[in-house]
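The structure appears below as structure tokens.
Chain nomenclature is as follows: A, B, C and D, assigned in order of appearance, with residue numbering initiated at 1 for each chain independently.
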């Protein structure tokens, strides 16, 4: 997936259910992608900073895009394990960057590490890691949507 | 927090930002609470089952209610670490139960384990654990809202 | 694996490398096993309580025995993800119990939850969870050793 | 902690209990340290590669040295949460490098990320993260031992 493909992918979300809206493409390499978004009112917790669940959803969602992009067969897979550590708040209005780096994509499993940073001062807001089960290869159409 | 207080708490969410809507109170003990919800269209992933990020948000949110309920000082704290393992899908329309059990609430830290099960067949959908930093004691009003 | 088989398994460790010695069989059901051990000088950290790495090794090792026992094909698999939260110290000389419960054993993956408790007061010392990749079915001889 | 101090620290282990022996100092910066070791027979699993519990112990131990080194007060703290993902085997005889990078050291908590790589081909063997509770500041002598 290159930058233009990532832009297209983000502009046409695959589904209408649970997701963090407003992702903008920043960078797309073979094993890593980066997106940015503003911490809007819809992403806040009671303290008016980025909600922990929104951050976890970003690890899952952006990590999954990186994995489907890195896998030669374009498999989206099924999420198995996720961990996240929250290190600093991202207050309402801040822009944050989410960078997902695929650690390994194998025959059955893929692994991705995700950093969320405040754009203004590069402070690490959260760090997560996710493991996905890739199942059997599927049509490349999964990415293209 | 008893069952009636949990009902009141869920009926008056503390914030309007990121959250899983539609939680119904099931049970509230000193160290454990349970809620139920239906997997609506707003909670789905591409495969039309409960999104992993929604499940992670349930671990965070329901776990946090259990922690504030178990802490003598009613501290809500700040989430530090969360992990989740997804074990089985919860398809659209299914009712699920989320049970949060406080493992320990100490001077500075609290720990909660969360199970998400399909109500119909009791199959474990996801299991998570979260650590919160409690900071300094706050007014009991946090719970009462 | 029944209790007698667990005793035999523990009495004949499969390997001579990295392991927590001194495990005694307590209980063995289809999806769960329990062992006990004394916190000896060889398991301590600088504060003379059970070392975090020894606790993590117990999650891995005892969890793996539970998985091989629960899997119909007796597959030992390869560890993929592990998390552990340390909740209370287990001082030198204490007896602890390690209980591993298989959450699910599927076609390719298996999941196990592990609790470590002080035997005297049942206080939870640590809680962990592990995911293993099972690979292809192997000869049942793996368990029998 | 500079490289010479790390060498001294490793040459005089703080305790005789559970630990991975044979660590050699590679690098020591303010927020990061690296050590190397050979995968000896004492570190193996049944498949004669680095045992998952040994890798977890390296995350805990080397991560703890990085934290005590980065904390201005030299606090060693207490381990709270650890996660590890195992990505590739480290066979007997291989040399591996363990690099621990402190993500944040705060008033009460510190966070460290740890990569374990095979020295020959730089393949990532395991990646982990750990959170420690620092407690109250202690004498700087902790580091000096």
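Points worth noting:
Note that a residue touches a chain if its C-beta (ideal position, glycine included) is under 8 Å from a C-beta of that chain, and two chains touch if they have at least 3 such contacts.
Bear in mind the structure is a predicted one, so any value in this text is a computation, not a measurement.
Between A-B and A-C, more C-beta contact pairs are found at A-B. In terms of residue-numbered contacts, B-C and A-D present the same interface, as over half of their contact pairs agree; the other options in B-D, C-D or A-D do not. With centres taken as mean Cα positions, subunit D sits 28 Å from subunit A.
Chain centres here are Cα means. That of subunit A falls 34 Å from that of subunit C.
Separating the CA-averaged centres of subunit A and subunit B is a span of 23 Å. Shown for subunit A are the residues that touch two or more other chains, namely 80-81, 83, 85, 131.
Taken together, the subunit A residues at the contact with subunit C in this complex read 80-81, 83, 108-109, 131, 133. The residues of subunit D lying in touch with subunit A in their complex are 81, 83, 85, 87-88, 103-104, 111, 113, 124, 127, 129, 131. Remark: subunit B residues 14-20, 41-46, 48, 51-54, 56-58, 60-61, 76, 78-86 touch subunit A in the complex.
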